[in-house]
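The structure is given below, and queries will be raised subsequently.
So that you can tell them apart, the chains are marked A, B, C and D in the order they are listed, and the count of residues begins at 1 in each.
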Amino acid sequence: MNRRYLIGMSLMTAVLMLAGCGQKREAVIMAGSTAFQPFAEKLADQFMVQNPGINVTVQGGGSAVGIQSALSRTAQIGMADLLQLPEEAKNLTATEVARDGIAIVVNPGNKVEGLTVQQVREIFNGVINNWKQVGGDDRPITVVSREAGSGTRTSFEQIVGDISLAREALIQDSNGTIRETVANDANAIGYLSHGLINEKIKPVKLDGVECTTEEVVCGKYLLVRPVFLLTQGQPEGAVKQVIDYMLSAEGQETIKNSGLIPVK
Amino acid sequence: MMSNPIKISAKDLKAFYGPEQLLMSLNIDIPDRQILGIIGPAGSGKTTFLRSLNRLNDLIPDFRIEGSITLDGQDIYHPKFDVVALRKRVGMLFALPVPLPKSIYENIIYGPRLSGVGDRKKLDQLVESSLRSAFIWDEVKNRLNSPAMRLSGGQQQRLCLARILALEPEVILLDEPCSGLDPISTAKIEEALTILKEKYTIILVTNNTKQAARVADRTAFFLMGSLVEYGPTGELFTVPQDKRTSDYITGRFG
Amino acid sequence: MRMPPKYTQLAAQLVMGLATLATLAILVFIILFVLEKGLPVVGLKFLLSNPQDMGKAGGIFPVVVGTILLTLVAIAIATPLGVGTAIYLTEYTRESRITRVIRFGADCLAGIPSIIFGLFGFIFFVTILQMGWSILSGGLTLAFMILPTIIRTSEEAIKSVPDSFREVSFSLGATRWETVQKVVLPSALPGIVTGVMLGVGRSIGETAAVIFTAGSSLRMPTSLMDSARTMSVHFYILAREGISTENAYGTAAILVITILLINLTAYGLMNRFVAKNN
Amino acid sequence: MKFLGEKGVRRVLAGIAFSAISALLLIALFIIKEGLPFIISYGPIKFLLSSDWQPQAGKFGIWPMIVASVWVTLGAMLVGAPLGVACAVFLTEFVPRRVMGVIKPTIELLAGIPSVVYGFMGVMVLAPLIRSQLGGPGLSVLAGAVILGVMILPTIISISIDSIQSVPNSYREGSLALGATHWQTTYMVTVPAAKSGIIAAIILGMGRAIGETMAVIMVAGNAVKIPISALDSVRTLTANIALEMGYATGQHRQALFATGVVLLVIIMILNSLAGMSIRKKAGKR
């Protein structure tokens, strides 16, 4: 048993050493915002088809992980979707690659079609707590928000202004879970990335403006936040190639088709 | 009867378990190639003494020994003395048979293989000869590879004896080996012992005074951690020197 | 009020029987639920093809490979450490302050939330030791996490080996280590295997600690230094982000089947071993 | 390992034995290094006992999370421990060995089902049930406790079974021979003899329940609020860390590590209590 174990260990060591030497392809690691992660993965796949010599890996973790890993160089590119970057990130170079609309969504069974900014504020503050106060059925409102610090939530709260979230609010930690929760609960209201709207939930008009790419691009829709790529110093080499690809016409086209809003 | 050379000698032997003293300054010389019977009531220190001879007591925390025990003149408690080698020279049979959870064959070769015997042919021979010496060969020769746990109690105890013989020891310690066995198995073990004493020094602790009278060449009577009387079996049982001995062997106390 | 013993026994048996039935019903329901929803998607193609479009379509091959590698690394590191600790605690020391400290340490480690293991792994292995998001970082983190389970179960198993076996072995001239190797460990094997299986289960089932340390790359890992996504992480991402509920259940079904196969194999081996010796 | 010799083996094993404690120390060190300065500068009492958690506004009070963790864990133990131990006792003592041979592997199989699957089941099956039958948002203390309780069942059952099985048969026979019924034997002899293993199983289960993160995030709703009823949505300490770590920077991040410190302390206290009760019960052993 011991001998077998020793052999196993030496094999593993050998594999590790090989792993250390074997990587000839240039590697670029991107990490951060979970909201942008799926889009980054798609873009990375397309990029690697054109540049087989470069290996792009995309990790999630959240915007803070994006900033941390860019600072510690664990990742060459950090992804952050914050309206304002924190102090720590000010030494990093930030490149805006996309913008993202934030849609207010309710359960498809809900009669309510549109809300004003003031109503949204009061719902999330807990002042309005029944759907009949905003023209719906006589049912309690279940507020669903993101976790504190989330790029989407920070942007949402800053743009809507004066929000001190109701204590009863459910908290979900990603766009997808907000969508699932709102889809499952007939009384729920939440907000999520415009790109992730599907038939399971219903976006409502904000001050009469629908959340669509067109309205965002022409600046009519209010709730919009940027997506930044963070690098240490000016991007160069493979890292620059990746970022340039994302800013290229083709990259921006993909971004648009995936439901995000292009910057160019 | 004392003509045989001394094999084991205990001098001023004291044993302690924590603050409790289990053996009171014991002196005894044990001759080679004879059977020494040790009798005495429960708690008299028989087993403690026996387990001191192969240093099995070392495994008990808080156990401590004073005085000396020599084997062929060497102090077995000397710090440089090899305990493992000692236990190969001094085999021990326990009160209850404890076959290891392995096959009969593997049980027998457990010791020899530890000493580095790897040759299959030699091991086969060793298994057969030791099983024969323990009077169990005929009963198990056709199922050497079946689990030892499946044998009956009497068979298990003889297997354990064979397992010790396979080590080719010099001394065999037996701690009430027949206490759990039927008369027939007991008779077989006793028969084996009388033959084995031609090659080995045997020390037999027993609760059964008659057994000591039957098989032992010399007998020692222990009481409350002290050696009360020690002499040729015939003398000890017919003309005991000490009143306590005669009381015990006639069953008046204990 | 005293009931006659016979009725107490009946009552006790009834209550416990119902509890057992309820427990088994819940557990079986979970398995059946997952299999019923997942099996329609599952097939060799699902198992052996690459995922497409973030897992919305295609199979889960890289995820299967990632899971196996990660679990193997974790087990290969944690088993010797855990069993070694258990041996030391039971065979090589007496109860003392040191053993209490070790046991206390193991118990505390068992209570540490996986998320903290994740944070620690991220700072220590990924960042400070520069291993990056990799199978190695993840495996090391998981090894830390399952270590206490393996220690505890192995210790119980080793403790339950009768002392008489040890005495016999010593009296036949075995050293302590030989006794451990040849008598104690074989007798304790079933319990140790249970512990390792629990460890395998936890590694396969872990999500939080893995995302932070092994990352969640959907590509086929080519070495232990590559990032990988395990089946649980894949399930979590698919189900929670609402990418594909079908493929999520498919992944869960494969998880269940995988663990079933591992357990069956382990049991088969163990039964053969036990039958040989008892 | 023959070349090491007995002393070498002992030394290697002693080294290995310290792996768990060194791992613990290493982890504790990192968490404390990141978290403790914050607790001191923010004020331990304000941090622990205030119920305002608004990281954006610089308010960090984790009292609701502490209460929630206690509630959810207690609830999980109420569900998991009696069911698990009863199940283990019944399976070992009152069910034929052959049936056991099928059931035990099945249960161990469940230990391998990822917590996220349990969590997802909670979201899909349990939460809607609670919402429609009992009211409230469904994602609640109750949902969390039940899901965690079920999740730790396999751990508790399988370790308890092992320890009950290792009670020597002679104990049972001895008791039966004295005229005890099967149940009296089980309850007065077998279970007490297996107690240390059963308690170990429960402690391991409890550890998993306190430490579980993903399943709780999925089913407990995560509202920062001191729960008044079992139907309220709550956020546990673990959920707090996992939810916000991805986006936390600066002071907020430190506050989350500080939450980790609190969690660590709670777990150590629980373990010491459990350890003490074992030692007391076990008496001289």
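The rule is simple: a residue touches a chain if its C-beta (ideal position, glycine included) is under 8 Å from a C-beta of that chain, and two chains touch if they have at least 3 such contacts.
Keep in mind that what you see is a predicted model, and the values were worked out from it rather than measured.
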Checklist entry - Nearest chain to the global Cα centroid? => result C
Next on the checklist: Applying the document's contact definition, name the chain pair with more C-beta pairs in contact, C-D or B-C.
Outcome noted: C-D
Checklist outcome for this item: By Cα centroid distance, the chain farthest from chain C is B
Item to check | Separation of chain C from chain D, taking each centre as the mean of its C-alpha atoms, in whole Å | outcome: 15
Item to check | Distance between chain centroids, defined by C-alpha means - chain B, chain D (Å) | outcome: 51
Checklist outcome for this item: Taking each chain's centre as the mean of its CA atoms, chain A sits from chain B at a distance in Å of 78
Checklist entry - Could you state the distance in Å from the CA-based centre of chain B to that of chain C? => result 47
Checklist outcome for this item: Expected list for chain C, residues touching two or more other chains, is 80, 162, 175, 240
Next on the checklist: Quick check: what residues of chain B touch more than one other chain, meaning two or more?
Outcome noted: none
Next on the checklist: At least two partner chains per residue is the criterion; list those residues in chain A.
Outcome noted: 60-61, 65, 177, 180
Next on the checklist: Using the definition of touching given at the top, classify the network of chains in this structure as line, ring, star, complete or other.
Outcome noted: other
Checklist outcome for this item: In contact, pair by pair, are chains A-C, A-D, B-C, C-D
Next on the checklist: Give the list of chain C residues in touch with chain A in this complex.
Outcome noted: 53-54, 73, 76, 80, 122, 126-127, 132-133, 136, 181, 211-212, 215-219, 222-227, 240-243
Checklist outcome for this item: The residues of chain B that touch chain C in their complex are 54, 56, 59, 61, 84-85, 87-88, 91-92, 94, 96, 98, 100-103, 110-111, 114-115, 147, 149, 160, 163-164, 167
Checklist entry - In their shared complex, at which residues does chain C touch chain B? => result 94, 162, 164-175, 178, 182-183, 186-187, 276-278
Checklist entry - Which residues, counting only chain D, touch chain A once they are in their complex? => result 1, 53-57, 123, 127-128, 131, 137-139, 217-218, 221-225, 233, 235, 242-250, 252-253
Item to check | Residues of chain A defined as touching chain C within the complex | outcome: 1, 5, 8-9, 12, 15-16, 18-20, 22-23, 29, 31, 38, 41-42, 57-61, 65, 69, 72, 74, 174-177, 179-180, 183, 196, 198, 200
